[in-house]
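Chain lettering (A, B, C and D) follows the sequence in which the chains are written, and residue indices restart at 1 in each chain.
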Amino acid sequence: MGRPTLKSTFTAFLYLLPALLIITVFTIYPIIKSLLISFYNDYDFFQDIVYERGIDSYIYLWNDPNFHLALKNTFIFVIGVVPCSIILSLLIAILLNTNIKLRALFRTVYFIPFVTSVVAVSIVWRWIFHTEYGVLNYFLGLFGVDPIAWLTDPKWAMPSLIILSIWKGLGYNIIIFLAGLQNINDQYYLAAKIDGASAIKRFFFITVPLLSPTTFFVSVVSIIGSFKVFDEIYALFGGQPGPASSALTVVYYIFEKFYGEWNFGVASAAAYCLFIIIFILTLIQLYIGKRKVTY
Amino acid sequence: MIRDALSKATIYITLSLGGVLMLLPFIWMLLTSFKAGNEVMIMPPVWFPEKFHFENYKEAWEMAPFGRYLFNSITVTVLSTIGELITTILAAYAFSKMNFWGRDVLFAILLGTMMVPGEVLLIPNFVLLSDLGWIDQYEALIIPWTASVFAIFLLRQFFLSVPKDLSYAAKIDGCSDFRFLWTIMVPLAKPALFTIALLKAIGSWNAFLWPLIVTSSKEMRTLPVGLTAFSTEAGTVYELLMAASTMIILPMIILYIILQKYIIQGIAKAGIKG
Amino acid sequence: MKVKLNNLSMKFQDVVAVKELNLSIDKGKLVSILGPSGCGKSTTLYMIAGIYKPTDGELFFNEKLMNGLEPEHREIGMVFQNYALYPHMTVLQNIMFPLKMQKVPKRGALLRAKEMADLVQIGHLLDRKPSQLSGGQQQRTAIARALVRKPKLLLFDEPLSNLDARLRIEMREEIRRIQKELAITTIFVTHDQEEAMSISDEVLLMNEGIVQQYSPPQEMYDQPKNLFVASFLGSPPINQLKGKIFGKRIHLMETEQSIPIETEIANEDCTIAIRPEAFYIAEGDDFSLTAKVEFIEQVGRDIMAIVTIGQATLRAFLAREDQIQQDETIKLGIRKTGFHVFSSANEQNLPIRPAWDGHKN
Amino acid sequence: MKKWSSILISILFVLLLAACNSSSSTEEKEEKQQETKETTGKVQEPVEIEFWHAMSGNLETALTKITDDFNSQNDSINVKLVNQGGYGDLSQKIMAAAKANTLPTISQAYEDWTTEYIQNNLVADLTPYINDKENGFTEEELNDIVDVFRDANMWDGKYYSMPFNKSTRILFYNKGLLEEANVEPPTTWDELEAAAKKLTGSKDGKNIVGMGFENGVGHELPAWVKQAGGEFIDEKEGKVLFNSPEGIEALSFINSMIQDGTARLAGEDGYMSGPFTRGDVAMYIGSSAGISYVAKDAEGNIEWSAAPIPKGKEAANAFMGTNINIFQSATDEQKTAAWEYIKFLINTENTTYWAKETGYLPVRYSALESEDWKKYIEEVPVYGVGQQQLDSGFFDPRMVGAYGIKNAINKEVELVLLGQKTVEQGLADAEKAAQAELDKVK
C-alpha cells in the first residue's frame, strides 16, 4: 500500500467523494446544525432568522411533564423488549442449532416479520388487538380471560407495543445468535461431554460464556434500536401515541414537537437528549462488555 | 434412544408453535384479505372465507392510487439501492485498500456518526431539503439515502479480508486500481454486496417516517405512507386494508425467500464482527 | 534481463526494512533471497516488482532505471505466497487475465494461455475454479499466470511455504525446470535454506534489512562472511564456542583446551564455529579436542553425538563404524573446511587458518 | 494528516454550501412550466393555479366536478387540484412549502391555521378583492354568506379566507334500536342520559352501548361548556375560562356516562361510524361531514337517522370545517384568478351542489332557501339537521397557539375519561396546560 502521498490522498478522495458528499451533507452537517438549533430560543422558520439563542429548549424539556413521560415510557419499552427478546431468540437459536430437519424453513419463518413493513403489520396487529373483534381476545376468551382493551387501556398499550416489537425483531436476533453458535467449535462440547457435563451445564459453562460477544452485540443493537421506536407506535395507535400518551416515546415526542408544533428548538434539544442517553448507554455497555465478555 | 426421540419431538413442537405464532398475523392478514365484508367484524372469528373474494384486491387497488405508490416505492428502492452500492463500493475500497492522509481520522468520524440516532438529523435535513426545493420530489426520497456508513463499514471489512497479494497480482498483471475494483473486488464481494443491497432494499421499501415527512402530494407517496393514509380513509374496512397490506409486504417476503441465503449470511457476518 | 540494485532502501514510518542494498543479477540466473522472517527479503522483492516504491536508491533492469515505473510496465511476472488466484475466475480466466488487461486479442490469448497451462501441466484443469484445485495445482496456475505475458523477470514470494513437504520438493524442482527451460531471470524469496541452496544459482542472505552475503550456495556454506551466515545455514546448526586468541592458539573459554592456529591477530575475543559434520574421531597425532559423549542419536546412516567439552555442548556427525559409546571420552579431530573463527566484536570472519593438517582434509 | 483532512472537509463544505444556496432547480422548473403553457396557450396570459385540499372519496369527486366546470368556463384560468391527504398532512405540507417557497395559490385551512399564516404574513388579505367594484361582492352577496361562517373568516376587520366546507356535530341514532327500546331521539342532556342507559345492554349475544363519542371528544369541550352555560376562553384577554362549575358539569356529564358504561369512545375503531354502522352503538355525536360515510357503511346493516344535538342549559353548536385562503406568494394574476375561482366555488348553485354531494352545509342563505336544497332535505332529512343548529352556532377558538391548547386540553380530557384523573383534577390540569400554551405565544 505504501505511504500516504499527496497523489494517493487525492486519488482516495476521488473515490470517497460521492459517499463523503452525501454523508457530509445529510449526516454530519445535520448533526452539527441540530445542536445549533437546539440552542435557538426564538426562531423564524420561514425566514430562517434566529432572534435569540440560549438554553430555553433544554429548560423547557427539564420542566415538561410530557418529556418526562416520554423518557419513562421509552425506558419501560426498552426494559420490556430487550431482555425478553434476547432470551427468546437465544432459546430459539439454540433449538435451531440442534441437528434437526427443516431448520432452514424455521429460520425463514422466524425472520419474515423482520423484512415486512412495520406499517403493514401494525395494521394487522391493530386488528388482532381489537377489544371486541380481535383474535387475541378471542383466544384468551377460550381460556376464560375477560376481553382486554389492548390498545385503548393505558395499562395495556405499552404491553401491546412490546409484544409487537418483540415479534418483529426476534428473527434478526435469532440469525445473529445462530451465527454466533455456529462459531463455537464442536470440540468444546465434545470435551465437556467427555468431562461429564450435562446438557444444561454445557449450556451454562460453554455456550453462554463463548457466546458472550454475540450476546453483547445483540444487546447493544437491540437497546439502541428500541430507544428509537416510532413507526410501530404511529401505525399501531393510528397516529396517536397510545391512549393517554401511554405509548409516548422520546422519538414520538420529537416527532410531535417537530412536525405537529413546529417547535424546532425543543425537538432538536430532545433529539440531542436521546443521543446523549444512547451515547452514555453505549459507553456503559462497552465498559461492561470489556469486563464481562469472556474472550 | 427414546429420550433422544422425545427431546427431538419437544424441539420440533416448540419450534413449530413459535413458527405458527410468527406467521399467524400474516395468515390472518392473507385470509382476511379474501373475506366478504360481513365475515370480517364478527365474533367468533371466521377463519376461512366462504368464498375467496379476489375482487377485494381490485377494490383496494382502485380506492387509492396504489399503482402510483408502487411505482414510487420501486423507483425509490431501486435508485437508492444502486446509488448506495456505488458510493459504498468506492468508499470502502478507498478505506480498505488505499493509504492516504487522514484516513483513520476520517473513518473514525464516520463510525462516530453511526451512534447518532437518525431523529437528530430529521429537522436540519428537512430544513435543508426545503431550501433545496426537494420537498415532495424524488430527490428527497432518494439522494440522502444513497450513502450509508454502515454499508461502507460492512464492505470495508469484507475488502480487508481480501488478501493484499491479490491486488499486487492484478497490478503486475497490468490492471489499474479502478479496474481491479470492478473486475476483481466487486465480483469477489458479491455476497457482501447482495447483503448490503437487500438490507437497503428492505429498509427503503419499508421506510416510513422519512417519506411521511418529505412527501406532500399523493403522487409522491411510497407504499407505507400511502397505506397509512388509506387506513384512515378505509377506516375499519379490514378486508380491503388487509388486501392492501398484503400487496405491500408480499414483494419483500418473496425477495427475501429467494435471496435469504445472502441476507442471513450477511447479517450473521456483520453481527459477528460487530 | 539483468537486474541491478543500487543502494536500494525502504523505510516504513521509522522502521528501516531494507538498508542500502546493492545487488546485481545476471541474465537467466535464479537468485534466492534468503533470511529469517522480517529480514526485508519480501520488501526487496516488492520493490523490484514495483509494488513498493523504494525510499532511496536505484533499481535498474538492463541499465534502465525502473524506480518510477508502475508494476504493469516492468515486464515482470510474480507468484505469491498464497498464489493470489482470482477466486471467482476459472483457471483459464486466471491465466488469461494479464493478457486481457493488455488487450491481447482473444484467440491469441487463448492459445497462449493454453500453452502456458501445458507448460505447467494443468492443461486438463482449465475450467476449474481455484477452490477446486490442490495446493500444487494452484501453484502451477499461479506460475502459468505469471509467465503468460512472457515476462523478462520472474518473481517468487515464498511460493512453496503453503505446500506439504513432499509437494514442496516436487514443486521446487518444477520451478527449476521451467526456469531453465525458459532461461528467465528469476528471483525467489524463501526463508527455507534448503530450498534456497538446492534451487539457486546465487543466494542473497539478508538479516534485519542488511545484506549478509551474496554468493553461490556452496560458497556461502563453506565460506560464511560472518557468524550470522554461518549460523543461519546448516542443519543442525553450526556449533559455537567462545574463545580467546592468545599467541598462536585459541583458548576455549569454558575448557582447559586450546586450538593451534596461524594468525597475525593476538589477544582478541572470538567465537569458534564448527560444523557438526566437520568432526571426526581423531587418530594418532591428529590435533584433537577431548570430549565426553553425553548422548547418541541415530540419524539414518550416521550417528549424531551430543558431546561436552568442558561446559560447552556440541553436536557432531560421526560415522557408525566409529562405534562410540555413551559416557565414553573421545578425541575429536576437526576438518579444516568446517572450521571458522569470528570476531566477537563485529562477528566478521577472521583471517585465521588452522595450524594442523587433519589427515582427513 | 489531520490538517489535510480538515482542509478537504472544509472544501467540501464550501462546495456544498454553494450548491445549497443556488436553489435554481425549482426556478428552472417554473420557467419550464411557463414555457410549455405559452406554447399551448389559447387566450392571452393564461394562468394556472394550484389548489391544495384534503378532500378524498366523494368529496374529491364533487370538488373535481365543480373545478372542471370552472376550468371549462374560463379559458384563461386553469385550476389544478392537489390532494394532500388528511388535514394533518395538508397543514404540515403547507408549513413545509412555506419554508421551501413552493406554496400553492390557494388552500383549505382551518381558522387557527390562518391565524398563524397571518402572523407569518403568508396569506393575502381578501378584503380588497371583496370590495372590488367589478369583480367583488355586492353588499347583498357578502351578507348572503351565513353569518357564523363569514365571521369566522374575519380577523381585525379583514377577510383572509372564504368559507368552503362547513359542518357541525349532530346526533346520529339507530332507528331500529331506538324503536325497539321505545326511545325518542333525545333533545336534552337528561333525555340523552336516560336514553343511553335504556339502550345499553346485550342483544343476540352482542353488547350494545347506548351512546358514543368520537376519540377527540376533548376537542368538543368548547361546545359542551357553552351548553352548560359557561364560557370557554376569552380570546382577547388570553385567558382560559373553562375550569368553572359549568365546565365541571359538562365534563362530568360525559364522564359519568363513560364510567357507567352507557357510553363509549370510538377507541381503536378510529371513528364512531364503524361501531355505529355495525350496530354496536345506538347513538353517537359526530360530524355532519361523516353522513356520507355512515350512509355507505350502514347500507344493509342498520336503519338510521340524525337529530340536532341535545340541549343543555343552552343550545350551543360549534361549526367546523375549513375555509379557503390565497397565499401571498402567488402572483397578482394568480390571486385574481384564485378569487374568481373562490367566487365560483361558493356561489349559490355550487355550494348547493357541494352540500348535496358531501353532507357539508351550504354556506349561503340563498342556497339554504333554494327550492333545490329544500327539496333535497325533504328527501334526505339527515342533511337538514345541521342547519337547524345555525342559530346557536359559534366557531372554535382560533388564536395563535390554538393547536397546542386544544391538544393540551384533549390530553387531559382523555385522562379523565380513561379514569386516570378526576374531572376536577383533569380540568384544573387542562387549564394550567392551556394557559401555559397561551402564555407561551403571547
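By definition in this document, a residue touches a chain if its C-beta (ideal position, glycine included) is under 8 Å from a C-beta of that chain, and two chains touch if they have at least 3 such contacts.
All values derive from a computational prediction rather than experimental measurement.
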Quiz prompt | Chain pair showing more contacts of the two, B-C and A-B | solution = A-B
Self-check item: Most centrally placed chain, judged by C-alpha centres
Solution: B
Quiz item: Using C-alpha centroids, which chain lies at the maximum separation from chain B?
Solution: C
Quiz item: Hey, how far is the Cα centre of chain B from the one of chain C, in Å?
Solution: 56
Quiz item: Rounded to the nearest whole Å, what is the centre-to-centre distance of chain A and chain B, using the mean of the C-alpha atoms as each centre?
Solution: 16
Quiz prompt | Geometric centre distance via CA averages, chain D-chain B, whole Å | solution = 37
Self-check item: Centre-to-centre distance between chain D and chain C (centres being mean Cα positions), rounded to whole Å
Solution: 91
Exercise. Could you list which residues of chain B touch at least two other chains?
Key: 41, 101-102, 106, 126-128, 213, 232
Quiz prompt | Residues within chain D bordering two or more other chains | solution = 1, 4, 8, 92, 99, 270
Quiz item: Which residues, counting only chain B, touch chain D once they are in their complex?
Solution: 41, 101-102, 105-106, 126-133, 135-136, 213, 216-218, 221, 229, 232-233, 235-236
Quiz prompt | Of chain B, residues touching chain C in the complex | solution = 163, 165-166, 168-175, 179, 184, 187-188, 190
Quiz item: Contact residues on chain C for chain B in the complex?
Solution: 46, 49-51, 70-72, 74, 76-78, 80-84, 86-88, 97-98, 101-102, 145-146, 149, 157
Exercise. Write out the stretch or stretches of chain A touching chain D in their complex.
Key: 4, 9, 13, 20-21, 24-25, 29, 44-46, 126, 129-132, 149, 151-154, 238-240, 243-245, 259-262
Quiz item: Can you name the residues of chain B that touch chain A in the complex?
Solution: 8, 11-12, 14-15, 18-19, 21-23, 25-26, 28-29, 32, 41-45, 86-88, 90-91, 93-95, 97-103, 106, 109-110, 113, 115-128, 143-144, 146-147, 149, 152, 164, 177, 202, 205-206, 208-209, 213, 223-225, 227-228, 231-232, 238, 241-242, 245, 248-249, 252-253, 255-257, 260, 263-264, 267-269, 271-272, 274
